[in-house]
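Take a look at these structures.
What follows is subunit A paired twice: with subunit B in the first complex and subunit C in the second.
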Partner chain A sequence: MTGARWRSGARDAALLTPALAVLALLFGGAIVGVTRVSLIPLGQNASLDAWRDLFGDPLFGDAVVFTLRTALISTTLAALVALGLALAAQRRGTLVRSLLALPVPVPHLLVATVAVVWLAPGGLADRILGGLPVTLVRDSGGLGIVLVYVYKEAPFLLLLVLAALGRGHQESDEAAAALGVTPLQRLRWVTWPTVRSPLVVGSIVVFAFALGAFEVPLAVGPSYPPTIAEYARQATQGDLISGQSTAAATLLLSAAGSIALAALAVRAARDPQGG
Partner chain B sequence: MIPRRLALTAALTLVSAALAACGGSDSNSTPAGGSSTEGFSSKREAASGQTVRWWMYGGDAKVNAYVDDTVAPAARKLGVRIERVPVADTADAVQRVVAERRAGKTSDGSVDLIWINGENFASGKKAGLWLEDWATGLPNSRFVDPDDPAIRTDFQVPVDGQESPWQRAAFVFASDSDRTDTPPSDLDALLAYAEENPGRVTYPAPPDFTGSAFVRQVVAAKGEDAGFEYLKQLRPFLYRAGKTYPKSEAELSRLFGDGQVDFAMSYDPAFVNSGVRKGQFPRTARPFSLSDGALQNTSFVTIPANAANPEGAQVIADLLLSPQLQAAKADPASIGNPTVLDLGRLGDRRSLFSEAEDSPYVLAEYGRTLAELPADRVEELERRWMLEVLRQSP
Partner chain C sequence: MAERLSRPAAGVLAALVAVPLLALVVRAFADEWRAPALVPQQFGLRGVEVAFSGSSGEAFGNSLVVALAAAALALLLAWPAARVLGERRLRHPAPVFLLLAMPLLVPSYAVGTGLTEWFIRLDLDGTLPALVAGHLTFVLPYVILVLLSGFGPRLTALEEVAQVNGLSPLRRMLWVTLPAAAPTVGAAALIGFLVSWSDYGTSLAVGGGRPMLPVVLLPFVGADPQVAATLALLFLAPAVAVLALAVRAGRMPL
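So, the complex of A and B:
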């Protein structure tokens, strides 16, 4: 018995080795490299200056708050939209589901670029209407970023939720209905437990993505504040030498956040109740 | 979809970071030594057959066309090929050299020549990234006035033969004579105009190159504290009440071309000329400068110390200083850029420049010269602007 378990464990380890080796090389090597850059600016001695500068910089504080806020709002809205659409589309045919999932394969940058072409100051809508009544792109609250993320991520979450709402759920739902359970109670006690796990795991992934990606904020984000990724980019553009160390420290913090979120997602995925 | 994207982006970032981590950070540079004309002919021989990878800002179509259609054919006659590597920001080219240095690559680098000036040059010089003592040895450098402060220094950093001049720039504005009868004569008049016409004036947000130059223009004309006071006063009357700024000169030019704001601005003294030619600006667009003075600078070409083809790069740098090529560039039909050569040193060749026709789209005079601030002040001012003007936006 113990021997069999050991053999099975060894087989699992052997299967995972190639993936883990690549991961260790890429992530481990990179983390070591970035840590080194954050501590040793080119041609200078090792110091904690980059970290001190980072924590002392009010712009970085603003960037962290702004990034967390836009990521949180985008994720929450995307999850709500996905849930609403899933409930509306769960008994619809493949065509409706495919149309709803259409934005998933469209690259983020393309959506952001289209938003800029149409909605930016001086964009097509601006010219046609002679000035837009609301600022969507470059809005200082990050409205443009949120809109692009909701448009892109809600269909992604929708696919995860629809996959969970399969035949098994339909049967349980019908059985509950036959027993006279009200629609609201069915939503609470039958549907929610089914979709909770994929929705939570998916939302963590979306949140981590919104936290780290920089192309959407760069294209449609406001002049100020920057997101964390944009802050890192600006640091390298400002001072080419010490800026790299500041950017490295920034990205290390950002990576630490993403790793924590990944751990949370793994835990949530293991837990049938969605963590 | 997302996890794959995330993994791919992370993987690419991490691979490059890991590669960067493997190298040392020695400060090796290869002094080339000053060279006489004879010395240079041996360089020409060595350059023959080389392909020079010239990293340069790629966002200016007429500069690209000038390099491809005028410089490259002239270089081919000397046996040197030019491979233009367009970058969105010159800092990207410097970053590449920094990454190679970090990776311990002290020769055979992928950057042979960079169009550069200001803080990019200064920080590279500080880190010992550039080939030394080559620029004054170029045969055509005899047409340049070595005592001109705009040639001897770059944003007040001594050039020390590490870069060779190529272009002159002056900060100019544009207005549409159909919409604005008399453009503002100085910064105070610009503020008064903005107060009377709220939302019709704006400038790109630093650290954009042009926006940063506008802030320096104000600081150079008024002094630092008074300059920032001026910018804060201007803010509520800007386009969209200063809550958002154009991200780039291109975006400001688009707003001006569409008639949404009344003025455009650029560090390219011929930008009205090219805007009208592209059809982006109306034919009634006219350049103007302010009586406070115009910020002026020179841009250069530099060679990284680890360049794979330093001889070819020097041949190109020399070619760029030839009176024929400088005259071709000064022609408003091409770039319309003022020459870096000293016309008094040209002798008969001076006539090449008198042929450059008069154009309503290029200024003959830029008024008082406002000297560029030291390179290390640029980032400081950009930060101050972000903290005091942008961050405090209503």
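So, the complex of A and C:
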């Protein structure tokens, strides 16, 4: 019995190995590579100069604040919109659900292009309404970035939440209603525990993407302040040698921040008092 | 009581998606569209001519080849791993899921920059295999996570019935496993393709100047909206194909 279990375990390990080995090699190699670049500038000796430059640059501080703010607002709004739409759509037909999910396969850069055509100064919305009350594209507050992320990410989170709100949830909800539990109490004690985990996991992925991607900020964001990823890209376009190291240090810090925040969020989601 | 399908809601949602995209088509073929006019003053093919006079054709080809190769390679690698994870055969799956989650949390530009350090040493920088490897770092976790939902006790029970009835392992795979898992395999392949197709950060870092569609498109978004709209329509083509396939798959009886 023990031998059979051992053989089964060994077979499972063998089946997992190809994918995990490739992933560990590529991801591990990338992290080692980016760490190396941050510490050893091209053709020079190892030093912490890139890290010192980074922490001494006020522009980097502005980039961190701007990126965290836009990523946090985008993720929170996308999660709220997804939750609201899920509650409204959970008992509707397949057509409504499919339409709500339509933006999921559309690339971020394409949504940003559409946002520029519609919402930029002189864009279609501007022409139709005879002027927009606020600047939405390339504004200093990053409103355009938030709009694109909410339009693109809310449907992704919605899919995760709707998958959790299956038949099991519907039966529990109907049973609670039959017992006279109010809609608000059902939302708190039946629906929220069902959707909390997928919503948190999805939100972590959205937040990490908003923290590290730069195609949307480059297309619809302001020229100042840059996001963290834009700051890294700008560094590579400056000094050929030290710029690469500064960019690598920036990206490494961003990656570490994403992983740390994800760990905290997962811990909070598991904590029964957390929600 | 379950509500019936709300046609007005569906109409509003369809308009919310279709109208912005329709404007992209008009913008792509509007040679002259000065504010405050709501209709272009002159239609033409300037956008198409400019978009395809540069490296866009090559970029489309590169993005297509890299996305197809990354998705195919990811499916091959993911299949055995997804079986083990989907059938919940691991006693301690947390470390495996942690490894799968890591690339999804790290900026793609960071992964691209780190990998470029090695690709330069291996004289692979800017090559298509390097781009496929770079994209695989993100494509593989997504493909495994989607694919594992297709495996479970239902499929295992079907395979056991086939085995009891004397089907050889090859016939079991061809007649039972593949048809049963086909919708999930299709979804995983499409997600894998789209993750690679949409990627900007890795393509920029690893590409070493080799044109990829998102990298070629971005500078036009601010500089020339007509060319940007033309390239965006090209960029949208696979997403439309995905939608068409998904609708078709949804109509097929299981």
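Details
FYI, the second predicted complex is superposed on the first by the 233 of 275 C-alpha atoms of A that agree within 3 Å, B and C clash if a C-alpha of one lies under 4 Å from a C-alpha of the other, contacts with A are read in each partner's own complex, and residues count from 1 in each chain.
By our rule, contacts are C-beta pairs under 8 Å (C-beta built on N, C-alpha and C of every residue); 3 or more make two chains touch, one makes a residue touch a chain.
Predicted, not measured: the structure shown is a model, and the values here were computed from it.
By the touch criterion defined above, A:127 reaches both subunit B and subunit C. By the touch criterion defined above, A:252 reaches subunit C but does not reach subunit B.
In the superposed model, A:172 makes contact with neither subunit B nor subunit C. Once chain A of one complex is fitted onto chain A of the other, the partner contacts of A:105 extend to both subunit B and subunit C. Once chain A of one complex is fitted onto chain A of the other, the partner contacts of A:208 extend to both subunit B and subunit C.
Subunit A has more of its residues touched by C than by the other of subunit B and subunit C.
In the superposed pair of complexes, A:58 makes contact with subunit B only, with no contact to subunit C. In the superposed model, A:29 makes contact with both subunit B and subunit C.
Of the two partner chains, neither subunit B nor subunit C is touched by A:76. In the three-chain superposition model, subunit A touches both subunit B and subunit C at residues 26-27, 29-34, 36-37, 105, 108, 122, 126-127, 205, 208, 212-213, 244, 248, 251. Residues of subunit C that touch subunit A in their complex: 2-6, 9-10, 13-14, 17, 20-21, 23-24, 27, 35-38, 77-78, 80-81, 83-85, 89-90, 96, 99-118, 133-134, 136-137, 140-141, 144, 190, 194, 197-198, 200-201, 204, 214, 217-218, 221-222, 225, 228-229, 232, 235-236, 239, 242-243, 246-247, 250.
On subunit B, the positions that touch subunit A within their shared complex are 1-3, 5-6, 9-11, 13-15, 17-22, 25, 27, 89, 91, 94-95, 98, 101-102, 119-120, 123-124, 126-128, 205, 207, 239-240, 243-247, 251, 254-255, 258, 260, 379, 382-383, 386-387, 390-391, 393.
Subunit A makes touch with subunit B in their complex at residues 25-27, 29-34, 36-37, 40, 42-43, 58-59, 62, 104-105, 108, 120-122, 126-127, 131, 135, 138-140, 153, 156, 205-206, 208-209, 212-213, 222-225, 234, 236-241, 244, 248, 251.
Every residue of subunit A that touches subunit C in the complex is listed here, in rising order: 8, 12, 15-16, 18-20, 22-24, 26-27, 29-37, 91-96, 98-100, 102-103, 105-110, 112-114, 116-118, 122, 124, 126-128, 130, 204-205, 208, 211-215, 218-219, 229, 232-233, 244, 247-248, 251-252, 254-255, 258-259, 262.
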